[in-house]
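Below are structures written as C-alpha cells.
Each of the next two complexes has chain A plus one other chain: chain B in the first, chain C in the second.
Showing the complex of A and B:
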C-alpha cells in the first residue's frame, strides 16, 4: 500500500459523497470538513467508505488525526 | 400537479410509474416530476384505482392541473383528480408570483434541466433529443467534458440557483412581512449528552455511530411531544397543531441555496433509526431524490449551523409553520455549577416562534424541556 494510493481513495470518496466539490479544492493540509464545507454526516460517510475499503476503524478520539488529506492518508497507511 | 414548494408554478411530468387499472395504496409513488429543485417522486394520498392517466410523459403541467383520475376505494363513479387530494400547506405561498425568466423559444426543456444548463453554461439549442423534452441528464451529459477544467469548476461554484433563490426570497419575504416573530435563546450544557454519546460510539463501528446532531434532533422531537403548540401551522388565522412531527431539516447546498425536506414521522423513530433516516434524507437531498411528501409536510424547521461555527441562529419561520429551532456550535466555555467554575461543552439553542400562535411562555417551556432531556441523555435512546 502506498500513500498515493490511499490519497487517491480519499479524494475519490470525498468527490462521491460531495459531488459539488471540485478536485482542485482539496488542499493536502487544510481541514477537510471546514475547507470543503462538509457537514458531520459527510465526514462520517467518508470514514465509513474508507473503512469499507481499507478495513480501518477510526475511533472518535482519533478524529483530530484524520482531519486533513495528508493526515488521513498517513493514518490509514500506518494501519492498513 | 401538487405544489411542491413556495415558488413552483409548473413541473414536467417525466414518467408514470403506474398504468391505468392499477390499484394504488396511500403513500405509493406513482410518478416522477422534474421541478426547479430537481426530480421529485409524487405520492398518492389515498387508496384507489388509477382510472385514467390524463397527461403524457414529458409534459409541462401547471400547479393544480389534474394529472390522473383515481377512483377511490368503494367508489364506483365519483371521480377525483389527485392534485386535489393533498392539503398542501405551502399552496398559499405559491400564490405569490415570481417573475418568469425568459425562455428559449420552442425548446421543450424541463425546469431543472434549464436551471442546470444555466449553471453549467450549456447552450440548450445545441442539444437535440428527437422532439422529446431536454432533461437534466442530457444537460449534464453535455456539460461533462467541459467540467474537468478548473475554470468551469469555478463558474459552477458561483453559479446561480435562480429558481431556488426565488423560492427562498418569496417565502422569507412573506414570513417577515406577515409573521410577528419572537426569539428566545438558551445556553445548554452538552457535556452529559456528548460524554454519553462518546461511550456509546466507542463500542460501535464507524457506520453505526450516532452524530451529536441526530441526538439533538431526537431531543427536539421529544420536547415537541411535550410542547405540541409549536408543531403545526398557522392557517386561515387559526392555530393548527399537528399530531405527527415532521421536522424540516435545513440542508445547505454547497452550490448555494437551501432545502428543508421533512424527516417524516420523526416521533416514531428511536435514536438509531433517526440517525439512519437523517443520513438517508441528506444523501437523497444532494442526489435530487426527494419525495413529494418530504417537500410539503414540514411541521417545524430545525436549522443547525453548528458545523459552520455559528453561536446562535435566529431563524425566519417558513410559513405556514409556527417555529424554527436553531442549533449553534458546541464550544468549550466557562460554566458555573454550584460554587465551582468549570469548563463545559456549551451549545446555544434558539427558538423563533410565531407570536400569533404562541407566546414566549410556550417557547420557554420548549427550551426548558429540551435542556432537561439533554441532561438525561439515556432518555434519548
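Showing the complex of A and C:
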C-alpha cells in the first residue's frame, strides 16, 4: 500500500460525494470539510467509502486526525 | 412508559433552579411583569441592543465577558460588554453613514466570527432588520432570500462573496452595498471594506426611540410550495427570550453558556446571540464545526455550565464508545437542552448515563421566535416528549375540519395539530409580502404550527410528524419545492419529487426522485452530474444527498407529484389513499 494510492482513493471518494468539487481544489493540507464546503454528513460518507475500500474504520473521536487529505492518507497508511 | 421517567432531585443541583413550582409559576405568570426586567431606551421604547448590551455596559457588568470566541485554528478571544457596546455602536454608525433607513434589511453571510455578533447588535441599534443567511447556502437560496427580503446591504467575507454572491449580483438590483469583512480596501463604490469603515466610525451611538413592535429580525423558513417565506420578528420578542432564558435555560449570572447553533438559523440568533446577553451571561461561540474531541474539550476548558445543542450532534457523540466524564472534567455542566428535531428517548437516557445529566428536549419554530414547550431542569423528564408549555404559553392539540372550524382535542394521547394560543411576545408578525399566507396560519385565535402531536395525561406533548412535506435535515428545514425547482433547471430532468428519507444521524436526508427527458438515459455519471449541479446551485445545506431515477413519478390526476407516495414507497409503508393517483 502506498500513500499515493490512498490519496487517489480519498480524492475519488470526495469527487463521488461532492461532484461539484474540482480536483485541483483539493489542497493537501487544508481542512477537507471547510475548504471544499462539505457538511458533516458528506464527510461521514467519505469515511464510510474509505472503510469499505481499506477496511479501516475511523472512530468519531479520531476525526480531527483525518481532517486534511494528507492527514487522512497517513492515518489510513498506518492502519491499512 | 412510566419506568422511563427521569425524576429530579433538586437538592443535588449545583444551583437552585429559577423554576421550582411549574404549576404555580404558570398560574402566576404575567407577560407585563417581564417588562420590569428591562430598562427601556432613555428616549423611549425598547431596543434589543440596549437591553442585551448597552445597559450592562453602562453598569456593573461593563468589564464582564460578553462573548468568548473560539476560532477554528485554536484562537481564543474575549469581548466584554463594554467592548461590545463600542463595536456595535461603530457598526451602527457605519450603517447610518451609508444612509440605511429604519426598517431596511441588512443581510449577513458569514461563518461564526466575532464581527458578526457585534454587527448584529449594530444593526438593531440603527433600527435596521437583521437577516442572517446560512453560510452553507448556495447562490440560488441566497438570491431567493435577498430578493424576497428586499436586501439593501450585505455583510460577508471575500471568499463567500466571490463564490456565492458575485454570480448573482446582477440580479440584486436593489442591493446598495456589500461590506467585505476581511477586505483592507474598497473594491469599488458599492463593495466596501468593513474594517476601513469601522476604523472611521465613532464608538458612540444614540439609539433612536424604537417601538417594541418595530421589525428586528427576518428569518427565512421553507414551505412546501413556493420559495421560502420571510418570517418577521419584532424587538418585543425579547420578552419571550428573557422568559425562556430564565425558565428553559435556567440562566444564572455565573453561567458559562454555549449554544452550538449557527445564526443562519433562528436558534443561533434567539439563543446564540440575544438570550444570554439579556441575562448578562457569558456567551461562548465556537467557529468550528462539530468535532467530538474538540467539543468535549470546550465543555471542560471553558467550564460550560448550560449547553444548548442539537440531536444531530448528540447522536454523533453517542457513536463513541467512551466515558466522557472520566476523560474530561465536565463537573461544571449542569443543564443540557436540545432542539432542532425530536430527541429520541435513547439519546435522553444516554445523556444521563454517559454525561451524568439527562438531555432536555424542547420545541419551537422560526415562527414562534422562542422556546414554547420544554422539559425543564427541575421537572420530571418523559424521554421522547418535548415537555410542557412554558409559563405564559398556551399550547393545545386541535383539529380543523373541512369547513375550517377549529375544535380542541381534549382527550389525552389523541393526535392532532399542535397549536398555540396567540398573544406571546415573540410570535412572528408576518410573512413578508405574504399577508394571505400569514392569515392562513391562524384559526380562531390559535397559531397552527404544521406539526402533528399529542398531549399525554400529564400534560406533556409528543411529536408525531409534519402535517406537510417539509424536510427536517440536521435540524433545519428544507422545502422540497426549492430543491425540485433547482433540479428541473438541468436539461436532462423532466420531473423531480423530493422527500425526506429517515437517517439515523441527521434525522432525514434530502432525497430526490427524478424522471428524465427522452434522449437521456439513467447512469451513474448523470446521477453524479445532477448531484453536483444541485450542490453548486443550492449549497450543501439544501441539495439532495441521494438521487434515484424513475421512469415516471406518481402524480395526481391534476399532475401534481405525490411526494407522500414516493416517501411511503421509499420506506416500505402502506401507500394509503391512492384514489387521486393518475392512472
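The rule we apply is simple: the second predicted complex is superposed on the first by the 80 of 80 C-alpha atoms of A that agree within 3 Å, B and C clash if a C-alpha of one lies under 4 Å from a C-alpha of the other, contacts with A are read in each partner's own complex, and residues count from 1 in each chain.
Please note the rule applied: contacts are C-beta pairs under 8 Å (C-beta built on N, C-alpha and C of every residue); 3 or more make two chains touch, one makes a residue touch a chain.
Everything numeric in this text was worked out from a predicted model, so none of it was measured.
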{"item": "Which of chain B and chain C A:51 touches, first, second, both or neither", "value": "first"}
{"item": "First, second, both or neither for A:39, with chain B first and chain C second", "value": "both"}
{"item": "Partner chain in contact with A:59 - chain B first, chain C second, else both or neither", "value": "both"}
{"item": "Touching partner for A:19 - first (chain B), second (chain C), both, neither", "value": "both"}
{"item": "Interface residues of chain A shared between complexes with chain B and chain C", "value": "18-20, 33, 37, 39-41, 44-45, 59-61"}
{"item": "Residues on chain A engaged by chain C in the complex (per definition of touch)", "value": "16, 18-20, 31, 33-34, 37-42, 44-45, 59-61, 63-64"}
{"item": "Residues of chain A touching chain B in the complex", "value": "18-22, 24-25, 33, 36-37, 39-41, 44-45, 47-48, 51, 57-61"}
{"item": "Residues of chain B touching chain A in the complex", "value": "150, 153-154, 156-157, 198, 201-202, 205-207, 209, 211-213, 252-255, 278-279, 282-283, 286, 307-308"}
{"item": "Residue ranges of chain C touching chain A (in the complex, touch as defined)", "value": "72, 136, 289-294, 312, 316-317, 319-322, 474, 503, 505-506, 509, 528-529, 531-533, 535-536, 539-541, 545"}
